[in-house]
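Note that the chains are named A, B, C and D in the order they appear, and that numbering of residues resets to 1 at the start of each chain.
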Amino acid sequence: MKKLINTAESVVEDALNGMAAAHPSLRVRDRVVYRAEGPRPGKVGVVSGGGSGHEPLHAGFVGYGMLDAACPGEIFTSPVPDQIVEATQAVDGGAGVLHIVKNYTGDVLNFEMAAELVEDVEVASVLVDDDVAVQDSLYTAGRRGTGATLFVEKIAGALAEEDAPLAEVAAVAREVDERSRSFGVALTSCTTPAAGKPMFDLPETDVELGIGIHGEPGRARVPMRPARELAVLAMEAIHADLPLRDDLLVMVNGMGGTPLMELYVVYAEVAAFARGKGARVTRSLVGNYVTSLDMQGFSVSVCRLDERLTRLWDAAVETPALRWGR
Amino acid sequence: MNASLCVAWFEEAARLVHRDRDRLTRLDAEIGDGDHGTNLDRGLTEVRKALAESPPGSPAEVLTLAGTTLIRRVGGASGPLYGSVFRQMGKTLQSPVTLAAFSAAFEEGVVAVERLGKAALGDKTMVDALAPASRALALAVRDGVGVREAIEQAARAAAEGAEATIPMRARKGRASYLGERSVGHMDPGAASSALFMEALATVVREAA
Amino acid sequence: MKKLINTAESVVEDALNGMAAAHPSLRVRDRVVYRAEGPRPGKVGVVSGGGSGHEPLHAGFVGYGMLDAACPGEIFTSPVPDQIVEATQAVDGGAGVLHIVKNYTGDVLNFEMAAELVEDVEVASVLVDDDVAVQDSLYTAGRRGTGATLFVEKIAGALAEEDAPLAEVAAVAREVDERSRSFGVALTSCTTPAAGKPMFDLPETDVELGIGIHGEPGRARVPMRPARELAVLAMEAIHADLPLRDDLLVMVNGMGGTPLMELYVVYAEVAAFARGKGARVTRSLVGNYVTSLDMQGFSVSVCRLDERLTRLWDAAVETPALRWGR
Amino acid sequence: MNASLCVAWFEEAARLVHRDRDRLTRLDAEIGDGDHGTNLDRGLTEVRKALAESPPGSPAEVLTLAGTTLIRRVGGASGPLYGSVFRQMGKTLQSPVTLAAFSAAFEEGVVAVERLGKAALGDKTMVDALAPASRALALAVRDGVGVREAIEQAARAAAEGAEATIPMRARKGRASYLGERSVGHMDPGAASSALFMEALATVVREAA
């Protein structure tokens, strides 16, 4: 394993220092990334967080029209309650704070504990659980939160920017989650700095279907096949759970080690699949947004838009990793 | 049990977890996300530091400080879960700390985890090591077994419980995402729970 | 080798189809990527191009405030004169067209031939040659064009948007090139779809210093070392050639397979180095912009800004890969 | 030499380059960017297609069409360079196509590459195979050597020229970026030039 790090122990800290240096619009303090300008009175604060290793998620989405603060944990490890409490109290502008939490046991527990500890701030929580590779049943921890987290953060952030009340911001976040589904495919494993070797061995001939964003193996291993077929497998899984129709927001997301060129190859197939089902892809995103360290592979996330969600998606956003309209 | 024995427990646990860090991480890589060893190692290092900085006067205070530190420093699933075990133990441990008092508090700790994690025996989690350990302690108290022997039995039960997770299909935590593919691997949290009990057995044996 | 492609032969075509589908602001025709809205009368057209495999360069920089057209060749192969002629004639708004050419024999020859073939359009050419790893001497093809290409395209594009005449747009492009330097480091080789295996073998213990963007080996192979030391090596090479002072634009660029987190780790060290030399990093960019397929590694590019260049850098840009100000 | 022999030349060259595509690409990966084999293979496939679609009436027209097609379809450095060789040959080839006329046109082609690429003998490029081949042809003409033997000598000179690039340090093209590290590898363009001459020798031999 070769990585551009100083030490495995310091990588999260070092990367945060880099972020702070690169983006004057951010302020990093005690392992929390804030908008430099601080909370705006009357605006609901939007806070998210989770393990590091998914960059630009979440810290890259701190800024106008999206998050007020992000709490990065150690690599693949959810943040601790203290960080979340700090962030929540710091971004409250008097209108309460929304926690956007990816549905993993660790994230859920730490955000819950934080919500209990927060003082004098109204907190609402939304769980993101968009990954159709996991059955939501009594026999699992429920569906994982993956790519749709970006959709939830963008759209909830846009509504918060309009000074909507906490209940409404939480409701739109929940609505986006309900209307979104994702599915991921890995060509290679990822390597955490601490482990120093790949999480799993994936031979040259095979791919993992239905992976998460923490280097967990997927639901099944199948022989490698052309991009077109992998894209169809992912889209079939999504379509089976959420029939694709009307207006769609589609993200083809790289897992961190996949070149943009390949993501565009996948996007062409994904868009063709959606068209084939009679749906319209009216908004799209192609790139590395919700990653898994150096993993090669992709995930597709789909959100069924309506007019209001489209408007909120289009609203101005100004963050290190997502920016338009200003 | 006095405060210093309890501190020794966490020091020994920290030593064992540090020694087995890579094994725990590897277990977690197989069916989770490969951070359990580093998570607990980091957390127990912080616990040792906290205990050294302001040495608590009673076992209950040791447990509470350890639990709080784990919650504040680990993150992930295991931080809140282990943190809750020890905080709950600290909260409920009666003085003087007889075997019976310890056993009762331990059971409270296990119940706290089961509640927080919504996990039951057989879900392939740390509960599968902790609950058998608690049961062994309770049986030892009932049968009037000596402290040292009781703790040895609890440690054995935890180790066996960890082994027993291998054929299980996970229903909680990340491993549950794998469905059938989680079968055939030891749960990393169960493995670390067995280390906690092994550490306790070691310090009790050496104190005797 | 596992890649998200359909066939090695169709990868450039398939990716362009994906780009066209994903970005309504682009129009792709005969292997040229244009702004959908076409040329604006009176504005100098800005055209670039080169081998594919460097995405988002160049096609991802087509749009308001940057390129009018990009000509992608096959992987690592410069485009053919026909494409360049087509693009040049299509984007001319009557004020002439600037060719931004990375200094490689193939790019130079094909752009030169195209410039000769173009009819009724005034063409100016600017060579980008920023890579300090190559000695500019009689014994080489001259310095390679790498990361600074982005700076040149952005700043020349901004000036063209202000309806400056061709000579001025060409002059500012040349000025940016003269004020810019780059240096690259590879942790791994890259794999072209056609070759199917890594271009060179790089053991786990070593890195290549002074690499280009086509998987060429570098000038030297040295043992792997912490990010801090690699960053210092790169910055020393740049500083030796162009003393760092005053205001700097700094890009820490990923080679395609490097996670963003690691680039931020490098950025922190790069910024510290510049500060140590008494320079001010007033503008920065961290991400995968000028890549080499799936290669892991980074490059640093530095441009010494003045007030005018800063203003042009800050001017609005709206492309798939670089966007601000609108 | 008539038009069909000239067409046969490009067909045989296309066959050899296709056969050796991976070798050429590997040579280019060692000191360049690993596309020379696919570049030329693609280009010569297009040349075959163009020649089949509108069969030219004279060797000069074959050469011009081949050169133009290479320029229009290959890209990279080798597209314009090889394209210029053949375009220049087509432009200057005198009728009837005697060995002397062919030799003169070939020399014009080589000069065109040297000028376009600003490359001289010893720079570790295709010139190091093409120039010796041209010299061998000229000497054969001077000495009144038969066509078949003359072309064999030119092919041998090209092959030896390609071999001779191995110890050279590159001064042109991508390989020049490597400095000392370019030593010890055959130049891919010189290797493909040797294939062009080998193809010519084969079709001339078979035509005899």
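Following the convention adopted for this analysis, contacts are C-beta pairs under 8 Å (C-beta built on N, C-alpha and C of every residue); 3 or more make two chains touch, one makes a residue touch a chain.
Just so we're clear, the structure is a prediction, and the values are computed from it rather than from any experiment.
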Seminar exercise, completed: Those chains that touch subunit D and also touch subunit A are C
Problem set entry | Other chains in touch with both subunit C and subunit D | none
Exercise. Centre-to-centre on C-alpha atoms, which chain is most distant from subunit C?
Worked result: B
Problem set entry | Centre-to-centre distance between subunit D and subunit B (centres being mean Cα positions), rounded to whole Å | 74
For this session: Would you mind pulling out the distance in Å between where the CA atoms of subunit A average out and where those of subunit B do?
Result: 32
Problem set entry | Where subunit A and subunit C are represented by their mean Cα positions, the distance between them in whole Å | 29
Problem set entry | subunit B and subunit C: spacing of chain centres that average the CA atoms, whole Å | 54
For this session: Would you pick out the residues of subunit B that each touch at least 2 other chains?
Result: none
Exercise. Which word fits how the chains touch one another: line, ring, star, complete or other?
Worked result: line
Seminar exercise, completed: Touching subunit A in the complex, subunit C uses residues 1-7, 11, 14-19, 21-22, 52-53, 55-56, 60, 187-188, 204, 207, 224, 226-228, 230, 252, 256-268, 271-272, 281, 284, 286, 288, 291, 293-294, 296-298, 318, 323-326
Problem set entry | Parts of subunit D lying in touch with subunit C, wherever the complex brings them together | 25-26, 29-35, 37-39, 42, 71-81, 116-117, 169, 171-174, 176-179, 181
Seminar exercise, completed: Per the touch rule above, subunit C residues touching subunit D in the complex are 51, 73-82, 104-106, 109-110, 113, 133-135, 138-141, 144, 192, 194-195, 199-200, 212, 214-217, 219
